[in-house]
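Let me begin by presenting the structure, written as structure tokens, before commenting on it.
To keep things simple, chains are lettered A, B, C, D, E and F as they appear, and every chain counts its residues starting from 1.
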Amino acid sequence: MKNKNLLVVSAHAGDFIWRAGGTIAKYVKEGANVTLIILSFGARGESNDLWNIEGQTLENVKAVRRAEIEAAAKHLGVTNYEIWDYEDYHMEITPERTLQLLQKIREVRPDIILSHGPKDAFNPDHETVSSFVFETSVLATSNGVRDVDLPCIKQAKLFGFEPHQSEISDFKPDVIVDITDTYEQKLAAMNCFKAQKHLIDYYAAKAALRGNHARRCSGKNQYKYAEAFYRFFPLVGEELI
Amino acid sequence: MKNKNLLVVSAHAGDFIWRAGGTIAKYVKEGANVTLIILSFGARGESNDLWNIEGQTLENVKAVRRAEIEAAAKHLGVTNYEIWDYEDYHMEITPERTLQLLQKIREVRPDIILSHGPKDAFNPDHETVSSFVFETSVLATSNGVRDVDLPCIKQAKLFGFEPHQSEISDFKPDVIVDITDTYEQKLAAMNCFKAQKHLIDYYAAKAALRGNHARRCSGKNQYKYAEAFYRFFPLVGEELI
Amino acid sequence: MKNKNLLVVSAHAGDFIWRAGGTIAKYVKEGANVTLIILSFGARGESNDLWNIEGQTLENVKAVRRAEIEAAAKHLGVTNYEIWDYEDYHMEITPERTLQLLQKIREVRPDIILSHGPKDAFNPDHETVSSFVFETSVLATSNGVRDVDLPCIKQAKLFGFEPHQSEISDFKPDVIVDITDTYEQKLAAMNCFKAQKHLIDYYAAKAALRGNHARRCSGKNQYKYAEAFYRFFPLVGEELI
Amino acid sequence: MKNKNLLVVSAHAGDFIWRAGGTIAKYVKEGANVTLIILSFGARGESNDLWNIEGQTLENVKAVRRAEIEAAAKHLGVTNYEIWDYEDYHMEITPERTLQLLQKIREVRPDIILSHGPKDAFNPDHETVSSFVFETSVLATSNGVRDVDLPCIKQAKLFGFEPHQSEISDFKPDVIVDITDTYEQKLAAMNCFKAQKHLIDYYAAKAALRGNHARRCSGKNQYKYAEAFYRFFPLVGEELI
Amino acid sequence: MKNKNLLVVSAHAGDFIWRAGGTIAKYVKEGANVTLIILSFGARGESNDLWNIEGQTLENVKAVRRAEIEAAAKHLGVTNYEIWDYEDYHMEITPERTLQLLQKIREVRPDIILSHGPKDAFNPDHETVSSFVFETSVLATSNGVRDVDLPCIKQAKLFGFEPHQSEISDFKPDVIVDITDTYEQKLAAMNCFKAQKHLIDYYAAKAALRGNHARRCSGKNQYKYAEAFYRFFPLVGEELI
Amino acid sequence: MKNKNLLVVSAHAGDFIWRAGGTIAKYVKEGANVTLIILSFGARGESNDLWNIEGQTLENVKAVRRAEIEAAAKHLGVTNYEIWDYEDYHMEITPERTLQLLQKIREVRPDIILSHGPKDAFNPDHETVSSFVFETSVLATSNGVRDVDLPCIKQAKLFGFEPHQSEISDFKPDVIVDITDTYEQKLAAMNCFKAQKHLIDYYAAKAALRGNHARRCSGKNQYKYAEAFYRFFPLVGEELI
């Protein structure tokens, strides 16, 4: 992983933590260059806890979310992150936003892009972001796309987060990453979103389940916690991995 | 790949060459321990060319196929192979045969098992062998299965060959292995089956197509030829590969 | 549920507990007539923990499993159960066994049959039992099938357990049953299989995850724990449930 | 069904009758509060019969359709309906229209929403409306979505109509509702669309086929006519229904 | 169709009539050589109506079914048919039966084989026959399969009947055949199975529905009744049909 | 094919050649009226070869592509073609463009429309065009769609090209067309795109593979080269083709 460029694109404030916090922390730890883009604060669609407080305002919701993101990113060791403050629920993609992401991809020159997978049964924003990231990553490789003044890149590997309700979102684990060594960091990051106790429990339970699958599929009993991902293209390489 | 144990199980004489010859040669070259089991000569279902010769006999068909297998295995560098001489078209699986394969799996202790994938639109034998190998590999990991006097093994990684007509066999490439360095060996091995000129052309074309896909998915322009495989379980590991 | 006849068919000793213990306990509690058939002790395929003990014998494994089943059934409130002692891994279905199950189905006259769903990625026995139960249930409804001297029955509703690795077994939850009230019983029943600590943790985590899904899909915040099932036929009834 | 709030959203004039007329009439009869939104008159895409009349005008087509809707709604017992007069073929969804539906959903506070399912092989409008209704229903449950001045609601159950050519639209019946008691009302409502004789025959035949399936799946021989629906989320509840 | 060899293989007495009666009659009418094999009388699984008669015997059920088949075949114009009297529910396939069908296929040298498709949600016999026919047809083309003393044949086109509950049997119409001209013959043939009034109505309704689909897909308004089929292999030919 | 109206809609400059060149040439040769619409020059997304030349300009890229199209069309015998010069990567569909295509479809009155199939794993433009063509073809059949002053048409048969990486694009061949007689023309047309040597080799190999499948499925050994297509609707006709 050392020196690999990893670009993470998260639709809302917490998505990258719940679904990939352990893996992101692992890449940081092993010396990868991690860039994190958070497209929205999730102020409209994923902040029910905050809106239940009397007299709540949009600015305040964003401020709370910003503080949580900051604290969580710190636990994961991510220093290089940006919040693009798109409105969520519904998130709309415009030509300007495509340009913005295109610019970022060509700057970062990622080996790996990690974002949302193509289907999420209860979350249209996640599906929108999945297409947005995939399609812009295709533009980024094309020499004829000259809207930004940066050279085109090689095809990055694309991976998608596991959605919240995986089975009804047609998700099958293609890659399961062992996060035993960074699980404590993920837990600390999740705990920055205190009001969402039920999600913390949920993703703790899920990490343990995926750890069980990881052991069963690999025979490696040291795997305790894991995260699962969708792979956009076939694995291409030198051997049967 | 060095010192890895690779077990290949081929339903008929030529299956391992057409579909995995380059990959097998690569594993041999890199120092893996390759064991090859050929379950049948394919005398009934895959020797139309020989039966078109007037006065043909079953013994002769088998003798011809044996010589071809021998020559092909040599080109791939495989010295450790067995032909179990099951009748093909239909191939039947009995408890004795399950025991025979169980014994072999526990002897070889494979890191990787390579055989037929679960569906093959035109070849029921291939589907039979796929279940046979998968199910026996599960038995091999169970400590309570004591029918053979050998300790149980850890779960091997299982991969399936690409079937002949991939799309109508529900095949999607999960892993594509670059075989540029061993493609000449594969070609030489294929040419041992001289009478099947149309298959040699077919699998040469296929290796080139898969090479094109390999380049497009990985951005590595040095990949010229490739073979594609089905993965039975998710990839479990330490990173996003 | 009162007075409904529920027939549960479990391939191995523990399957009915891990996957449906809470639901079974609920039916018992609400006054259903529950009949439980356990086809095998799981001595070969699902007793690795016991076989790790030096000098283990098949009789002893079965004795241990029998005691565990007895204790677990007690926790669930199931008094009416039978162990048919089929060999597992592989479980074979014979005409005699079909007759045995046919007889039982026509005796019980189930409103609901609960057994394994059609696919289980790592467990061929579960797939065998799924076909066995489904096909025999079809025979049971046919007036021309006179191999047993009992009248034919109406079509029972068929449900399948969630398999261990649901996504790679093509499982989608069709019905999610709230088990909050009987979760303690399920936990007690699971704890009868002490040696399988990792499975107890696994299915505790899974019950919590399914509880989360149940809340999200229904808006009922009182649902804490749940179990998910596969439905063999469409739901037919009087309203949009 | 008594006192349940049912919201029906129909893309064109006749969709709710052909595909759900019997079920809607049943809910009315049993005391549910039924609100019906008809998004368009279907003047462009589903009025070929009217346009075949020399000198036809758009106003007249709409007037004819309005009269038919009125008469049909009366037969079903629906008094609470609105026609939003969107242009059809193609129907476009704008932010204003999302707001309009959001407002309506939060007013009605539906227990059940019944609209088009996600796929319809020959009718892109139906697919558009399916996403429109599903996504707006998600917005309606989110406390942070404050574009309308009405409190957020609990997740409603969502069901989709059976499309016209079900198999090539990937439709499988998830729920089949017996409409034997209200079939005459459905027939009367269908007959309000006199010019479309072939559709009346078609949906009469379909109701009989679904009745046959209902009997076969449930064993209840009193079911003569039925309608089938797609379920957007798993069924969550207290038992194995 | 003139002079084409059509081989129809029907699992039970009535299958070929309900699902393909119009098409078979059409082939006869147009001068095809039609051979019909009925594998069983359906005495156990598809004769509930007869078994409801007090004192019924197996011989009598078969005699009734034989008379019905005879009458129905006459209406369709089929003179060349055989009843092989296999036991149904469950139908078992043995090596002898494979040989029997292989012999028949090599005798008939069919251009087209019409039998059951691969999945039938409520009828395991139909799935058994589908594999049986498909696999034996593959054996028939192989020059090395010399168990019968007849030359091997070219690959026939294989088509599958529409199952009773098409959607839950994963059936999609691949080919829809207009049977307007022979519909009366089909109706007459169906009426030979008088006791099964509900099936006659059902398949009459289905023929009308398929006629509607046929018109919508082709624009040919003269199509009134149709039957739908599954295609086992891609259509290969000279143009875009 | 004689006198049939065939409308081909190609997203970029070369798509119609790589994927359907042999079939188009065959229709021309047999006397069909072929109209070809090329929506874009593929200047941004499919001209990497040209942009690699120092100082390249958009005008020049388009000029080169125009010359190549002209030469290729000549080889295929197509004289009636238009280039609509939409921007590619991303291609956007507007109401004006829908009108433009609607006008063209009603002018041409196609029996067959050939364009992109619904899914293409690496090419979002192809998916956009697939919807665009399908949906506009539906509008074209509706008498109430009066935006252009031409009478509505009957439903054309719709076929989709095989995508570049067929398996990961969920493509299965529905129709395989023999192009042995026009393969030389296709090769000549492909060679007009000299800079894309790897694509010429690729589609030559693919034509040979599809030829192999065509022989295996049909038994016609004269088929040497073929092209495969997706069928949007079931085949409706007079016989089992």
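Note that a contact is a pair of C-beta atoms (placed from the backbone, for glycine too) under 8 Å apart; a residue touches a chain by one contact, two chains touch by 3 or more.
Predicted, not measured: the structure shown is a model, and the values here were computed from it.
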Report summary line: For chain A and chain F, the contact-path distance works out to 1
**Report entry** For chain A and chain B, chains touching each
**Finding:** C, F
Report task. Count how many hops through touching chains it takes, at the least, to reach chain E starting from chain D. Result -> 1
Query raised in the report: By mean C-alpha coordinates, which chain is most distant from chain C?
Result: F
Requested in this report: Give a one-word verdict, same or different, on whether chain C and chain E use largely identical residue numbers at their interface, taking over half shared as same.
Outcome: different
Report task. Report the inter-chain centroid distance for chain C and chain F in whole angstrom, where each centroid is the mean of the CA atoms. Result -> 53
Requested in this report: Please report how many Å separate the Cα centroid of chain B from that of chain F, as a whole number.
Outcome: 37
Report summary line: Touching at least 2 other chains, the residues of chain B are 122, 168, 172-173, 213, 216, 233-234
Report task. Could you list each pair of chains that touch one another? Result -> A-B, A-C, A-D, A-F, B-C, B-E, B-F, C-D, C-E, D-E, D-F, E-F
Report summary line: Touching chain A in the complex, chain C uses residues 122, 164-168, 171-173, 198, 201-202, 205-206, 208-209, 212-213, 216
Report task. Sort out for me which residues of chain A touch chain D in the complex. Result -> 43-48, 50-52, 61, 89-90, 121-124, 168
Query - chain E to chain B touching residues, read off their complex - result: 98, 131, 134-135, 138-139, 142-146, 233-234
Report summary line: Note: in the complex, chain A contacts chain B through residues 1, 6, 23, 26-27, 30, 112, 114, 141, 154-155, 157, 159, 172-178, 213-214, 216-220, 223, 226, 228-229, 233-241
